[in-house]
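Below are two complexes that have subunit A in common, paired first with subunit B and then with subunit C.
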Partner chain A sequence: MSNQLLQVIIALVVGVGGIWLLYWGADRLVNMLPLRAATALRPWVFVGPALLLLTVYLVYPAINTIVLSFRDRRGQGWVGFDNYVDIFSDENGRLAIRNSIAWVVVVPVLAVAIGLAFAVLADKLGRRTEAAAKSVIFLPMAISFVGASIVWRFIYNFRPEGFGEQTGLLNAIWQGLGNNPVAWLLSEPWNNLYLMVIMIWLYTGFAMVVLSSAIKSLPGEVLEAARVDGATEWQMFWRIVLPMISSTVMVVLTTILIIVWKVFDIVFVMTGGEFGTTIVAERMITEFFTFRNQGRGAAFAVLLFVAVLPFMTLNIRRFRAQEEMR
Partner chain B sequence: MTDVTTTTGVVAGLDDEPTGVQPGKAEPPGTTPETASPASPGRAWGRWPVAVSVSIIAALWLVPTLGLLVTSFRPRELVDSSGWWTVFAHLGDGSQWTLQNYRDVLDAGGFGNSFLNSLAVTVPATVLPITIAAFAAYAFTWMEFPGRQVLFAAVVGLMVVPLQMSLIPILQLYTSGFRVAGIPIIPDLNLNGTLLAVWLAHTGFGLPLATYMLRNYIGSLPRSLIESAKVDGAGHFTTFTRLVLPLSTPILASFAIFQFLWVWNDLLVALVFLGGEPDVRVVTQALRELNGSRGQAWHLLTAGAFVSMVLPLVVFFSLQRYFVSGLTAGAVKE
Partner chain C sequence: MSTATRSRTARPPRRAIRRGAALFAALALFAAACSSDGDDGAEPAGGGGGTSGEGSGSEGTTDMSGADFSLFGAPTGVEGEAMQGFLSVYNDETGANIVYEGSDSFEEQLRIRVDGGNSPSVAFTPQPASICDFANAGQLASLEDMGFDIPTMEENHGKFWMDLGVCADGNHYGIPWFPNYKSIVWYRTSLFEDRGYEIPETYDDLVALSQQMVADGVTPWCFGFGSEAASGWPATDWVEDIVVRSAGTDVYTQWFRHEIPFNDPQIADAVNRFGEIFFGDGFVLGGTENVAAIDFREAPLPLFNEEGGCAMHKQGSFIANFFPPGEEDEVSFFDFPSIDGNNAAMGGGDTLMVFDATPEAVQAVKDWITPDWECVLASPSGGSASELGGHGVEGVERLPGHKDVPLDCYESETARNQAEAVRDAIADNTFVFDASDLMPPAVGQGTFWTAMLDWSRGAQTDQVLTSVESSWPQP
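Right after this comes the complex of A and B.
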């Protein structure tokens, strides 16, 4: 055990300290160069490590995946666009696309709306109360996807009438109101919404934490001036706070959108994509790892990143505008 | 952390006093007085409506976790036969409660070891992407170089590459290198199974989001501040470490906590690159073993889930006060 502890400490020092030493050393080296060369080279010292890692860990696998999406199920012979044609002609493939679109509309919007409302409201409470309240919303973030699916089984669980007491909270309440128990996760198409609720529950904390730190870094004088001028809290939120944090709202919205677009765990664990709940990311995993159809799985993956390109363009435009304003 | 007092605490602790809020939740005293809302809380809204809405949302969010917590203290037979909320009907009944689940989880082979392993994976896998992304975000914002916009667009675009699709190509790279027409471009490094392999993988996967979020924040720092540092003779390295990094504390802290959570809760990357041997097993793997050897053991899984949540929550509470930096409050955002 103590040996293990020592290893861990050495690993931490090497891992954490090493990277700083690397940047510091590289900057020193560049300083020794003539001024013009140093000026031209220094930006690459700053971005170089990031670009190198991204190339190895994301660009190379992405290219690999694109190539694979034009190959057959064993990843060998070329099949042209067959995999893509299959996705769009298959009823399940089209359903996955429709469901995924619903996910990326519903989840980010609700998570950001609730997270923002909570951040604004909690900001008006005392400091300690606020910290406690925010911790509650944040709590689900600390639970892994597998943990989350256990948590929600105790909400959605279903037992037909006469097969024992309900162990799912929702059915207990539903029965208490005089209804028959419902198999929530099997009832199409609403089961999609019930699964989305899990994701909203998990990610509202993310939105809340980031938005709250944006709200708190707003200049106090501006808010105070508006208050002196007699603005109501409602007006202040819509006319001052929201416009001032709009860039952060966009970032959070985009981030959650992308996370939601890629998340497969919830559907995979809760329904396995059955009962009309299949989504693109879950298809990708199922095709690739369960059905061992590498080409089709890769095609679903390519679909994932092509679909997000418009959002990325939008974001880049926004960053350009931000630069021009400075 | 998840009992009923928390919700009541939300209401009871309104008057800035620590009463009604558990000490573990509260921030350390004497930090960042700016955190408290400068104006009297909710002059136009009134305190009670705000407190009530916050309490309602908080209660809704707490219910599922409360179910998890209660279940983790119930004997197996009861978990399967009745709802967790039924315990509230007979709170004093000792036969409704047990610590056995926690004993079973902690006694299961090498749980302490797996905690250390998780720590050795998670801390560098959090610090590395943040450091590398911060340097890159600074360069993308405040330095001039050819292809700056295009490269940044590419970095952000990489956010959408699904992690699962990267695992197999990277694994091949780790075990047999990379050759173009038989010429080794990247040699066979035999990285697989080492901590470095996992750190670098998590760093690569976390970089796009980190760069994106940090670039957004660093880009909102006023130009005048950076220019004045330059006038004072500070080079880029000094400006970055002495000015930009401290000013970016809130976003660094926010991202740190999320990256920490993602890595801590990750099973897939650790499984692929570190392997499942008992001596290198991380917490999520240990949990999976627990379930794997006993079938759908919900009573154990719930207890295990709570044990594995402890450290992330400690990190969250200790970072919470950095979410608002004393320096930025009122000085930076334009």
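Right after this comes the complex of A and C.
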């Protein structure tokens, strides 16, 4: 144990000291150059290491994954587009794509809509109450996907007759209303929606916090002018607030959307992709690690990459536009 | 597969911390090519130290004080504690410092760790099919290189089990450790006694008994196919137990090796025979459509209900660990009945793999599979046979993977009976493994499970078997 501790300390000293030395040394070297050359070179010297790391840890694996998606299950021989053909001709692959599309439509829209509603309504509360209400809604953000899934297993839990009392919250309520208990996670296709609810629960808080701050930063004069002109709260929201925060709404929407494309934990923990709930990211993990089919796993990864790309670009464009406006 | 279930485990292994530090240093120094290829293992461990090969029961001559490595496996909870208990006895006895790490998502985690160059020294897997994936990639040390005596091992642990670890180069890579016995039907003893039901000898008797029970107002069966990401496997056990009896061991072997198609009529027959029980009118507690939602760990619990429960439940020996504590005596078990006069023993088992063949690791593995150490692993006290005691965790007993483990290692009558059946089967080499563990993972851990879940919820036999056949990976 002490040996390991020593290793950690040495690693820290060598690492941190090494970085400092590297930058210090590089800076001195640059300083020796003529002023004009030094000015031109200095940014590259400082950004260079980061660029190098980015290339090694991000660009290279991405290219490698794309290459791998054209190889066989062991990642050796070339198979052309076979992996992609398989995905689109396989019933399960198509189902995964359909479900993923449903996820990226439903989850971001509902998370943002609910978050926005909370943000607007909380704005009308007193300062203390608002902070308390927002904290409660933001709280789930702190829970991991797996943790949240385990929590929701207790909500959706189901026991058929003979297997004891219902322990699931939802079934307890459902039974209290005089219905028979339901195996929620088996009821296709609605079980997809039940899984999406978990994600919405997690990300509503995120949407709310960001949108709330956007609303708060709206110039008071505009709102006051609208009030003076006799606008109702409803009109104010649709005609003034929403248009003015629309770029923030888009950023939040696309951010959640990108996360939704990539989420696999919820499906993996709750149903393992059975009962018609499989999604692209879950197929990727299962094909790659469980089925050991490297080519098809990589092909699913590339699909995800391609699906996320336009939203990523959109997000960056929006962000830039916003920066320029300031 | 047996108890392998998946969710996350959070405990960071010590090695990971050490590697984390190394990685940090590498990052900090911009040593871009920081990834080492991990422990390629497979150095022939010359001084394996075993005296007369394995099976001698000797502690060996290797100095174990340098044995500082981790053993990685699937058992968690009480089963994991039993592994830790076993290792602490071993560490105390030999001066080794071996740590056990259990993970609920063992299969994924092991692959992630090995691919990430962070493989454990020794691991034991419930999926023998995965052994050759690692071996063919050069990540495992072969038994030949480590100095194991193969013919002796085949005699002691069964040739069938040893053959499962033979990979592309013809060498052995799997070391049989402890089995599960799955050809078991648990039943509520008092119910059978009160109503005078007889233990069925044949499958037809079993169907007839179930009908009799329904007529008497008793629900015969409890089923539960739920197991998170591994849902469906309990159903495959039924099919396998029927195939090995109705079609014979040869067809069973051809089936998992895909020498006959998955939708062969003999397999379809077996599934339909399972249907005689599964879809029998009033046979299944809670209704067949809900079976997929019942967790396999909760499935046997209604056996212990005085009223409104069920009478029988088929599941491997390990399920006794999930029985309500103190009530284990309310149930007993009978062997899965014969079909057309054929009997067989189907099970699973944990097979050791050595990733990093240090002399200490090899010696430890050789020790663990001896009758003496299997006796320590067998029960909390090691029974009257163990001189070294047991693993110390109440309620956990492990069956013998060596034909000479004394029956006196066991505390409970149940475990002793199963141990006898398994030990005899190993000695006769009639102990076969769960076929779904032996199929390619895309089938055995994928479409076969899905097929049985769909089937349990009303899909046609031919349809689900054809979908499995079409999913069988091309060689």
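Here is the rule we use: the second predicted complex is superposed on the first by the 252 of 326 C-alpha atoms of A that agree within 3 Å, B and C clash if a C-alpha of one lies under 4 Å from a C-alpha of the other, contacts with A are read in each partner's own complex, and residues count from 1 in each chain.
Rule of thumb we're sticking to: a contact is a pair of C-beta atoms (placed from the backbone, for glycine too) under 8 Å apart; a residue touches a chain by one contact, two chains touch by 3 or more.
Note that the coordinates shown come from a computational prediction; the quantities given were computed from them, not determined experimentally.
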First (subunit B), second (subunit C), both or neither: which does A:8 touch? both
So in the superposed three-chain picture, is A:49 touching just subunit B, just subunit C, both, or none of them (first/second/both/neither)?
both
The answer to whether subunit B or subunit C touches more of subunit A is B
* May I ask you to decide whether A:224 touches subunit B, subunit C, both, or neither, giving the answer as first, second, both or neither? => first
Pick one for A:150: touches subunit B only (first), subunit C only (second), both, or neither.
-> both
- Item | Touched partner set for A:137, first subunit B, second subunit C, both or neither | first
Exercise for review: Pick one for A:16: touches subunit B only (first), subunit C only (second), both, or neither.
Suggested key: both
- Query: Does subunit B (first) or subunit C (second) touch A:62, or do both, or does neither?
  - Reply: first
Subunit A residues contacting subunit B in one complex and subunit C in the other 4, 7-8, 11-12, 15-16, 19, 49, 53, 56, 146, 150, 164, 285
Per the touch rule, the subunit A residues reaching subunit B in their complex are 1, 4-5, 7-8, 11-12, 15-16, 19-20, 23-24, 27, 31, 40, 42-44, 46-47, 49-51, 53-54, 56-62, 64-65, 114, 117-118, 121-147, 150-155, 164-169, 172, 201, 204, 206, 209-210, 212-214, 216-221, 223-224, 227, 232-234, 244, 247-248, 251, 254-255, 258, 261-262, 264, 281, 284-285, 288, 298, 301, 304-305, 308-309, 312, 315-316, 319-320, 322-323, 326
Seen from subunit C, its contact residues with subunit A in the complex are 6-8, 14, 17-18, 21-22, 24-25, 27-30, 32, 107-108, 111-112, 133, 219, 222, 228-232, 285-287, 289-290, 292-294, 298, 301-302, 305, 308-310, 440-442, 445-446, 449-450, 453, 457, 467, 473
Per the touch rule above, subunit A residues touching subunit C in the complex are 4, 7-8, 10-12, 14-16, 18-19, 22, 49, 52-53, 56, 73, 91, 146, 150, 158-164, 183, 185-186, 268-275, 285-287, 289-293
